[in-house]
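Comments concern the structure below.
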Amino acid sequence: MSFSVMLEQLAQGMCKSMLIFGLTLLFSMPLGLLVCFGRMSKNRLVSGIFGFFISVLRGTPLMLQLMVVYFFPYYLFGISIGNWRFPAIIVGFSINYAAYFAEIYRSGIEAIPKGQYEAAQILDYSKSQTFFKIVFPQVIKIILPAVTNEIITLVKDTSLAFSLAYMEMFTIAKQIAARDTTFVPYIVAALFYYIFNLLVAFVMRQFEKKLSYYN
Amino acid sequence: MKLFKKLALGALAVGMMATVFTGCGKKDSKTFTVGFDAEYPPYGYMDENGDYTGFDLELAEEVCKLKGWTLVKQPIAWDNKDNELNSGSIDCIWNGFTINGREDDYEWSVPYVDNSQVIVVKADSGITSLSDLAGKTVGVQAASAALDVLTDEEGQKALGDSFGKLQEFGDYNTAFAELMAGSVDAIAMDIGVAMYQIEGRGDEFVILAEHLNAEQYGIGFKKGNTELKDEVESALRELKKNGKFDELAEKYGLSDMVCFE
Amino acid sequence: MYYLEMNDVKKSFGDLEVLKGISLTVSEGEVVSIIGPSGSGKSTLLRIATLLETMDVGNLAYMGQYAVTMEDRHSVYAKTSQLKEIKKNFGLVFQSFNLFPHKSVLHNIIDAPIFVQKRKKAEVIEEAKELLRQMGLEDKADYYPCQLSGGQQQRIAIARALALKPKVLFFDEPTSALDPELTGEVLKVIKGLAEQKMTMVIVTHEMSFAKNISDRVIFMDKGVVAASGTPEEVFNSDNARMQEFLGKLKND
């Protein structure tokens, strides 16, 4: 295979990797907030259930979770959905990352001083106003470095979609490597991941700069 | 708040852009979904244009032409092949798929290729027979027929046990890299695959004259799915009759191995 | 009608009885200072009056509306909707300011009137600028709290509380977190409010300030009101605890 065809193939795979990346962020960040609320619930049963959910998702390999999501409708209920590879990957990634984001949010929310809540209460802010106008904007600043870490990890984790043979960049790199009996596609893929992550780190640094207007 | 909105918008934009990129979603007539390991030349692999091809996939294409079906080439992770087949995300496994040892696990088509499991070693390794492998480290693909042979009582378990270590690996690239580096002394694999690999890598490697065993390739359908099996099989016979089958075998250098009358 | 009225308020944290039956009334335009040693319960009383803390026994009313009533020897709180109405009557200035660090000075002041009281933005901004002038901080509208000194921050916090136009304004040790050289500017602002006949309840350690500014002083000790009256009456009383407290302060 010529080098240009290989680049084209890997670039196509990169698009799919970015698709997994984008959709996972889109779904897992809000979902993580819900999970975080569940985890921080005053109801001990609710917080226990969400705590268990988080510990399972953080404590088992993502690759395994992807397989479970994809194959379980069949093995558990005998339902044959057919080829829903891509949705299954997005579901698997989203719930896994939601668990991590939930804990990051929690750490941020717990770092907000009690006085902020009391000031909001005295000023008659409602509970949701207090959260979205006072607490959450401050939480974002606190958790940004941790979120950046998580996002960079996600870029690399998209390669785990190979376990469901989704044609993202790493899967394609493996196939080209098999065809041409060489390691070159892996090196190119590594370069692609690295450049994408440089971009991610740059964007996140801009966010951090934007939020540096207060201490 | 503004920042939160921007974050969400950014994620949305990335998502939508990417959706445009993929823009797939064809669903018409009857589809025939073949599951294959895209890292298994010459039976199924990526060609120089990035399309999936190979002896088995071209055969499947011809079958679909005859039947008026739409072929879907679905690469799978080989370790997951049974899950893929059982859950219905593929219709069959057609990819240099060894029957021997798996007779009762699938609804098998007639065997169409005679295949042997062989040992590949470095040309200068000094290993010339199976007995030379005693105490050596031998690589074998996980969940492969070669592994089955080396661990099956009725196969070559005795030989397998004589090895110093049986090292499982995921793909052949890794295996050959390890062979080059000397961390494995030999690799067990299908002869068709071995010939392809050696052609690509030059004469540093040789196939031992002594084979592990002889076995046959078939198309594996889900247990009980005789209807689809019969349809594909009859189409295959027609391809044999009109010469297409032999033409393809010739193209992929497999003529000597065909066992289908 | 009293602006604030609370009767026989009792509060325990576990086995520790912090308030042992406190009654307090505040009339329109009155400035009441609450003094007393640490642990006397004055801050708890303030937190109960501002509904940050609940009481076990007693009642509480603003402008004759009951937020807490006594039923069968226990306090019963009004419905949330009623409490929401009643809360409009008071504001609180915290010891540690509790400004919102991510918002500019102007937004710290105008956000609650706009989002909570749903008032017109232009009008609120005008009032906020007037408040900042009053605080001597008219040039700081676009600053962030972290760029200001403690004294400036506390004055912003006072402006923030005033922007909601409370009937009663509480101060919880407003100068305790400040360097000594910065307390003056905050006390001056509070004095100005007193001159404008703002109804205020101030928990403070600044004795001379309390003496100067207050219509009434309440000396709390060990969960009870040990002495109360005009500043002269309280500071000159022969209450032993009061004398001991004042003596300690002098020695410090």
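Order as written gives the chain letters A, B and C; numbering starts at 1 within each chain.
Rule of thumb we're sticking to: a contact is a pair of C-beta atoms (placed from the backbone, for glycine too) under 8 Å apart; a residue touches a chain by one contact, two chains touch by 3 or more.
Predicted, not measured: the structure shown is a model, and the values here were computed from it.
Colleague: What's the contact topology between the chains, one of line, ring, star, complete, other?
Modeller: line
Colleague: When you take the mean of every protein CA atom shown, which chain's own CA mean is nearest to it?
Modeller: Here the chain at the core of the arrangement is A.
Colleague: Could you tell me the distance, in whole angstrom, between the mean C-alpha positions of subunit A and subunit C?
Modeller: 46
Colleague: Just the number, please: Cα centre separation of subunit B and subunit C in whole Å.
Modeller: The answer is 79 Å.
Colleague: Which integer distance in Å separates the CA centroid of subunit A from that of subunit B?
Modeller: That pair's centroid distance is 33 Å.
Colleague: Multi-chain contacts only, two chains or more: what residues does subunit A have there?
Modeller: Those would be 133, 137.
Colleague: Could you say which residues in subunit B touch two or more other chains, in rising order?
Modeller: Residues of subunit B touching two or more partner chains: there are none.
Colleague: Give the residues of subunit C that touch two or more other chains, as numbers and ranges in rising order.
Modeller: There are none in subunit C.
Colleague: Sort out for me which residues of subunit B touch subunit A in the complex.
Modeller: Listed in rising order, the residues of subunit B that touch subunit A are 1, 3-4, 7-8, 11-12, 14-15, 17-19, 21-22, 33, 38-41, 45-50, 72, 74-77, 80, 83, 86-90, 171-173, 176-177, 197, 200-201.
Colleague: Under the stated contact criterion, what part of subunit C meets subunit A in this complex?
Modeller: 50-52, 84, 87-88, 91-92, 94, 96, 98-102, 111-112, 115-117, 144-146, 160-161, 164
Colleague: In their complex, what parts of subunit A are in touch with subunit C?
Modeller: It is residues 113, 115-116, 118-119, 121-126, 129, 133-134, 137-138, 141, 213-215 of subunit A that touch subunit C.
Colleague: Quick check: in the complex, which residue numbers of subunit A touch subunit B?
Modeller: Residues 1-2, 5-6, 8-9, 12, 15-16, 18-19, 21-23, 25-26, 29-30, 67, 70-71, 73-75, 80-85, 132-133, 136-137, 140, 162-165, 167, 171-172, 174-183, 207, 210-211 of subunit A touch subunit B in their complex.
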